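We call the chains A, B, C, D, E and F, going by the order they appear; numbering starts again at 1 in every chain.
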């Protein structure tokens, strides 16, 4: 076992099942996160660069060095239709690692979006392209091409572990990572949860209280809740 | 006097006068804050979840525990037409305490919006519902229902003291709290200030300088301002 | 040489060449920043108050005191057609130093926008006016007029040195400062860079890899990059 | 009722009972906070300026304006033996509102320390004087004396409501506010809790598990905890 | 494969080789991090609660829920001589999950320290005990025991992946995680690096320049460095 | 005039007068900052790595690239007795750009300390060496030597403009920059201020109020201050 995971590009990654990915794409991040048992969320600092951005795809992972986007170009070659690039950095760095030229390249290679624990630029062009990007920062600061990182190694991106091939789902609520091995299971659980919510919404809209619908009155009383006037 | 303010729901709160609330709703946060003598603002970390969100209503307060939204359901029962839920937490916590199901319930019970020193989710749905929410964070992270907080006790929300029944006004500029006892007085003062601003705006648009309009030249000179070429 | 730079208004500043400013206005912040050799950017905390805000003009600089916007009124008198007000503060302070009345005045005097390392308010009105503002915060908190700062001295705004008369360019990607003396040179370099990008974009859109277009394969191999399957 | 709470100095404040203050001074912040039912803590950003700083006294409150420490001098006159100055600001501001001269004055007037949601300076001298200060920042930045705040009105300091006369207790763990009316009750509860902890510490030191001492095994099993090998 | 990793305690974990742990304990975090190829560091927000705190041991991992330290008690039972507790939380939360009672219990069970991406309290007592703790915050805020997390599952703590049994090394420079499988290899590499540094230090102390010692002059010239007078 | 300031080393810099530097070294940062008219302070994020660290010397400036400390070695050659290295970075980056080896080299070349808007490591060794360092972060993260920055160009470090040869003074209160041209004037003003403070301290210690000593009662009354009982 090697200590060092830098300077590596893994080519033959196993992607999550396409049908599971397609099914997951129908649900929101909050629903899938709940369906999975509340795991796999990235930190809330990762935000869409334009309102309504949405993506779901299989992760091609990139480990960047600060101020250096060389590995983004290496990653482009590894992309297939339906992939999402997930970029982490060896340290906190908000430089603009990505802009409209790379977006053009990534899209031409099949990518459907980018999640990056760092900065991006050309926001106006990316918005015009409707290329969904979820990032920690927006920065015009350019980057060099001088130091190796890696492509398709496991990375920790904004507090979440992402293995190449995992499903990444992102919308206005944030970003959730679904391990490839449980993608179908998570999609099914999301579907069940979603169906269940429709009925609840109807009742609540009619004025039924969650207190009654979820049968909370007894446990609240047991916990010691007191009403005063 | 009890030391502990947890586990309490106060039912019979006194709400600010409805006419005063209606009048305050006509003005912006900056105007009302100025009219009140520059007090009552929440910290700037509380932001609308969609551009243009706006609310004005009487506060039903909630004290949450971290990662736990049980008290939101308890609060729903205490809502009346025109209320705004104001939720604080016993510690800093950005979890998604609130989403579209609770919004549906709150709206059905009469609430016109939410101000929360914490996180919310289902932003896309909340935006579609045009349910105004002002929060510190957006997070898909779910919460449990295990530990008691309180409803309708005085809370400190984002640095501002909110008593149940106070008026809460929020727009793109932030959130201001108007104590119920001075709601009418604040509304009148806001009206006077607003009327006064129209005349100033006209002059400034015509090129009159604030230096002259506000008669600042003499005090500036006294303070020692020097012009150099 | 005086130690103290407070309480000073410089009147006869030298503005960057108008043709260079007009040319710079055609390019984005990222392009100009690259063309200049990656210098002159403000920190990423400075953001537009509405999506799509854009400005390019010559700087009239203001040094504010915390919680005090007196110098904004002093600056108004120094404005000429095509100026941008660049406001720094002697300390970090997010108060609302600027709102729709000052915007009305600034516009009447010829200003095309504001960049401020501080807070602003009346965001709804400013958006309606389409008066571009780039700020660190939005805050309804009012300010006093009690303590002297300066106008048209060199200031450090969000990490960038701005001399009066320099060109300030801002868009969705951030804010860049172009010293007056190199405005034309920067504009020409930006034009060259922009022209060059069009060709690259075309190739990348056709699926050509940056690896090949930029001839990166050899340097990557030399640096030790290893492909594994 | 006046809307405005600025420009006021309240002289005849009621201080918490001296015996209760003395008793509270024997316990740590964590103990008292627990004994009171986990309320009254300031935010964790307030830290001692030197390791081991500790204070307990009755609050003389100050509301400052950003960059302005005029009210600190006004507060000095209101101090009595055993008081602690608690200073809040109308906005977030880290300027150095306080240094060794004010500390000398405060001490001469009887104060035993300072809690400030802002900055202080002369840290070396304050440490040499062993004058305990709990602040949000350390800053050499000076302040002016130009705008009124207030003394001895209720303030919100780092997220906690402080009324003049309340007990303020601070140590390495943070700052807790004990309302004057329950000072004795809180002191007694802290004493009981403290006594109780000694026994627990002994057991735990002997290797007894909290799982057994607190009888957690059954509730953990009920909650669904599973042991795997 | 289960989706959910909550509510689990793994008992039979494999710890890194004791000799390797002992050897690693002789080196600093910066040395080991370099020796491993610059991987495995936690984020810089994790700091020692007292100057000079230092620890090296095998990880028993804990996944906490916000405001809830129930799992800390469950973890105590899993400790063996030489372990370090590494606690992560399902969300960002600075509450005081740990204090002197738990430290007493952990020490009695063999633990040599704690690394926690959260808050701790009783800092004075922990310092007196010389129980090394590395945390993100200090907070007196108490926690409940109501919701399950897990013990000895892989966790992401302050941006680093920690598997139970991995070596955790922490000192004034931060915290590094050494996977159990490469502990010996990392210890050997650290030793080599450390030996190498002694010679360099001697040369540098004698006034030899790094420019010459590392033979940087030629690559700097190639990169285009220009000296001007 | 060149647009680009990267890749440059200026050798023949003019240092502030040695006597002025020696005199400035006798005063604290707060005193000198006040004496200069409250200008020249770095942001409060720059902190000493050990309590009591203190430095005063002439600046040799370094502009670093993120994750890259190559220029530190270039700077070492430019050092003379009494210099202080002031390092800025082209972007926010907390990596460990500096450790005990560079400290050994810098000291051997005459440097008396470091101020860096970035991270450092080997804190234990640097403390043992009593090599004063003021930094924004502590991080064990190593850096590469791949991309050019510059030495002895004007830099903006933590919000302050530093020209090579300026005096840099740092203590527990922060860091202040004194332009070389006014070093003597600033030293004299600091001396005057310091002498003046001794008298004030004596009076305040005797219980005289600042209200009386500074004759504040009349201006306070004019400003509208009201005393209530």
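Keep this in mind: a residue touches a chain if its C-beta (ideal position, glycine included) is under 8 Å from a C-beta of that chain, and two chains touch if they have at least 3 such contacts.
Small disclaimer: the values here were computed from a predicted structure and weren't measured.
Visitor: Give me the chains shared as neighbours by subunit A and subunit B.
Guide: Under the touch definition, subunit A and subunit B have C, E as mutual neighbours.
Visitor: Roughly how many whole angstrom separate the Cα centroids of subunit D and subunit F?
Guide: Chain centroid spacing, subunit D to subunit F, equals 32 Å.
Visitor: Averaging over Cα atoms per chain, report the distance between subunit A and subunit F in Å.
Guide: It comes to 42 Å between the two C-alpha centres.
Visitor: Show the residues in subunit D shared as contacts by 2 or more other chains, in ascending order.
Guide: Within subunit D, residues 38, 90, 92, 94, 139, 141, 147 contact more than one other chain.
Visitor: On the basis of the stated criterion, which chains touch which? Give every pair.
Guide: Those chain pairs which touch are A-B, A-C, A-E, A-F, B-C, B-D, B-E, C-D, C-F, D-E, D-F, E-F.
Visitor: Touching residues of subunit F toward subunit E in the complex: what are they?
Guide: Per the touch definition, subunit F meets subunit E at residues 7-12, 50, 70, 72-74, 76-77, 94, 96, 99-102, 104-105, 107-109, 119, 121-124, 127, 137-142, 145, 147-148.
Visitor: Show me the residue ranges of subunit E that touch subunit F in the complex, using the header's touch definition.
Guide: Answer in residue numbers: 28-30, 33-34, 38, 41, 44, 47, 51-52, 171-174, 176, 197, 200-201, 204-207, 209-211, 214, 216, 219-220, 223-229.
Visitor: Help me check something: in the complex, which residues belonging to subunit C touch subunit D?
Guide: That would be residues 65-68, 90-95, 139, 141, 144, 146-147 of subunit C.
Visitor: State the interface residues of subunit D toward subunit B in the complex, per the touch definition above.
Guide: 1, 3-6, 35-39, 43, 90, 92, 154, 156, 159-161, 179, 181-182, 185-186, 189
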